[in-house]
Amino acid sequence: MMNEAVISIKDVSSWYGDKQILKNINMEIKKNSITSFIGPSACGKTTLLRSLNRMNDLIPSFKLTGTVKIDGTDIYKDIKKPEDLMRHRMNVGMVFQSPNPLPMSIYRNMALPMEESFPKERKKEIPKLIEKYLSDAHLYDEVKDRLHSSGHSLSGGQQQRLCIARVLTISPEIILFDEPCSALDPISTMRIEDLLNELKQDYTIVIVTHNLQQASRISDNVAFFYHGELVEYGESNQVFLNPKSELTQNYITGKF
Amino acid sequence: MNKLLRDSIMKNLCYFACIITISICAGIILYVFIKGYSQITPKFLFSEPTPTFSEKNAGGISTPIIGTILLTLIGTAIAFPWGLASALYLTNYAPKGKVMNMFNLAIEVLAGVPTIVIAIFGLAIFTNPMFGFLSSKVEGVEGISKAFGRSFLVAGITMGIMILPYIIKTCIEAIKSVPPSYMEASYALGAGKRQGIMKVLIPASKNGIITAIILGMGRIIGDTAIVWLTLGGTLRMTGIQPWFMPENYLSTLTNTGSTLTSYIFYTSPAGEGNMPSVSFGASLVLIIIIILLNLVTDYVGSIGKLKGVDE
Amino acid sequence: MAKLEATKSIENGSHQRKNTVKDFVFKYLLLSLALLGAMMIVFIFIFILSKSWSVLRASGLGFITDGGFSKQISTSYNLSPAEQTFKFGALGLLTATILSTVGALILAIPVGIASAIIICEFSHRAFGTFLQSVIRLLACIPSIIYGLIGLMVVVPFIKETFIFPQLQIQYLSDPVLRMQLSGKSLLAGIIVLAIMIMPTITALSADAIRAVPKNYKEAGLAMGLSHWRVVSRIIIPAARSGIFAGIILAAGRGTGEAIALSMVAGGISNVPQLSHGGVFFLTPVLTLASAIVNKSEAMSVPAIQSALFSCGVILLLTSVIFSLSTKLVEHTVRSSK
């Protein structure tokens, strides 16, 4: 596919204090694709994912060298002011491993990000947009009669779809998923995988997952990480059926 | 931009509130220090107060200090065993559910009672002639014999009642933080509940229990309402003199005196005297004692953490 | 040590029979002490109510609807036992208690919550710990010292800044409420009380904020909200019941404060008049708790003693209501989770 690259990662290394987590990562992620980060625990895939929307800033000892460019902007060197960082995070949304709806009604969960980011003129669009995004996330039909009940009253799978709908309200270009189905049952997982396939038409998706079948089912490109290094990165079919590295082969066949 | 400006104003207002808080605290400590430190001489600390209106001859604070110590000892001696026993019952023997909740509620409500109310309660009980042995008996106006109801013993017991709920709550926390595996191990070795409690549970929670005692002492040392109502407000001991001779101990305890707090009240412009300088001197001593107690509590608390007992 | 004792008791059969008696005594000793402790609140209520009965019966509801307490105390002090009426009106005390507590809360709540926010969210570790120590220090300063400083600093300040000689002369012969303006006032009481109850609000708000799950904050930041917005629109609303419990607790402490207020609030049971405008705050007042301290020397007169105990009854009732309310708030929080 001849999509342009929207995320460009060059010579990126990162540390928590003295401990090095990522070692010299180089890769490009293309627009409107689904890219999976796979690898054993503590290989750095989640750290790299969180670096893309600068959520690692919350950890005081975090340090990153190299260049992370999104749409041509170096998000570590070129973004200095808080308002620029906020805008960046609205451009790169995130869905977390444990569904985290806010302790409010479904309606307010959806309305809050829009109220915070819309100018006055747009605020009247909010109710319609709530319906639209909940539909896009395949949740509207299930909750349309109880929009004012608490977000926590939904099942795990529904909560995660609410979180996805919520991230759509900020109109991101890129959506990051941090093991979004690890806390869910197989049926909910399947529904979310279908949803991801639909979403990739309008968004660029990067997903960290432990589930190799999931990675092979939904991704266009796969990146395999091991001990902080990017071992192999390529088209999904190629990596899974014909891996270039023996390490990749061993991981995929379950040797570790 | 408007929104960001608003955010930044709100944040700065919060910082401003913190500055106010810090300034007030610093202001209080510094003010007491400046006004009081010139009074802190060995003569001040070890001589008795003289009831005069002249500031120069005001004397020292030895009896108030002793008074504070006496009340603290009596109050703690009463509340500590009582409180520990109650805490042990509630954590180990009380049936869970409604009974526990009632107990806990009663203690919580007792903790919220203002000390002035506990003070008049003390007065109500101990002016009853039945308790006359705790203070001196006086003939009332109508000729009905009534207990005077004010003495070190009375005040001490009332203090004990005041700190009881706090001792219970802190001991419960201390006991609850002991890992259940300790007691399980002792049961598995055939020990009964009583032995387990005495030999395992109490030693394991001793840091928390010590904290409870120190916190209770702090409360007694700092209280004025109970002292003012139940200790009689005399600057010096009114028992048979000299009060420090062992044969006069009982007399001292059943008669009145003062503590640091009532001394401060008495010598301030609000009391009978008008000697603010000694008032500040005593205040400084009081603050230093309280700060030291807090440091000791922190230290005791941190020993436990290092040993992993609290985790 | 526990091992040795336990093994010994198993081996020694007769030891076991003695043990049962000891165990029984132990358990019921603990039970009786715990029961005694739990019953204290009932005893307190009974004794105080009994001592206050003569005045409560004579005054009826008028105790809380009529005023004139200070005057009644001073007349009663001079009457012979035969002439005593036992009728007292504590409206002034009640109003003063409510006004001083509410006023203190208005000052203390914003400062308290703001400090809690800074400690938990907007400070580096060192500053946060420092701020917490400051709050803890303020919390353990005895009320007598607050009273002393209030008397020596706040009261003269109010006198210098707000009370001009013409004002004093004017109110010495005011038709509605004759009083002497000396700086000891409702305002002084509010300021001192606010400082005293603020640490409670800060401590409990900080606990409530810390108890908010971290993933709400993450969700908020990842949505592009600023840190302040995450705090104000997500964290604080999520922490609101804990903050509310702190406020109720602080209100309870405020109503019960006796010593500090007795020194700075003026000691006269006036009902501040709104018609006086700003002087509303400069009126000397007497609260329920400080009345007991201020008039304690007159307690040898049975009528006065009974009147003060009646104040105690009201204080006891309000403190019980506050304690129960706090428990109720905590209970609803826990059950909604």
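Order of writing sets the chain letters: A, B and C. Residues in each chain are counted from 1.
To be clear about the criterion, a residue touches a chain if its C-beta (ideal position, glycine included) is under 8 Å from a C-beta of that chain, and two chains touch if they have at least 3 such contacts.
Owing to the predicted nature of the structure, the values given are computational and were not obtained by experimental measurement.
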Chain separated most widely from chain A, comparing mean CA positions: B
Most centrally placed chain, judged by C-alpha centres: C
Pair of chains whose C-beta contact count is the highest in the structure: B-C
Whole-Å separation of chain centres (CA-atom averages), chain B against chain C: 17
Approximate Å spacing (C-alpha centroids) for the pair chain A, chain B: 57
Mean-CA-position distance for chain C and chain A (Å): 51
In chain C, residues with contacts to at least two other chains: 226, 229
Two or more partner chains touched - positions in chain B: 4
Where chain A touches two or more other chains, by residue: 82-83
Chain A contact footprint on chain C (complex, rising order): 213, 215-216, 218-227, 229, 233-234, 237-238
Residue ranges of chain A in contact with chain C within the complex: 53, 55, 58, 82-83, 86-90, 93-94, 96, 98, 100-104, 112-113, 116-117, 163, 166-167, 170
Footprint of chain C on chain B - complex, ascending: 4, 7-8, 10-11, 13-15, 17-18, 20-22, 24-25, 28-29, 31-32, 35, 81-83, 85-86, 88-90, 93-94, 102-103, 105-121, 123-125, 141-142, 161, 164-165, 168, 185-186, 189-196, 199-200, 218, 221-225, 228-229, 261, 264-265, 268-270, 276, 279-280, 283, 286-287, 290-291, 294
Interfacial residue positions of chain C with respect to chain B in the complex: 1-3, 5-7, 9-10, 19, 22-23, 26-27, 29-31, 33-34, 36-44, 47-48, 50-51, 81, 110-111, 114-115, 117-118, 122, 131, 134-138, 140-149, 151-153, 195, 198, 202, 226, 228-229, 232, 249, 252-253, 255-259, 262-263, 289, 292-293, 296, 299-300, 308-309, 312, 315-316, 319-320, 322-324, 326-327
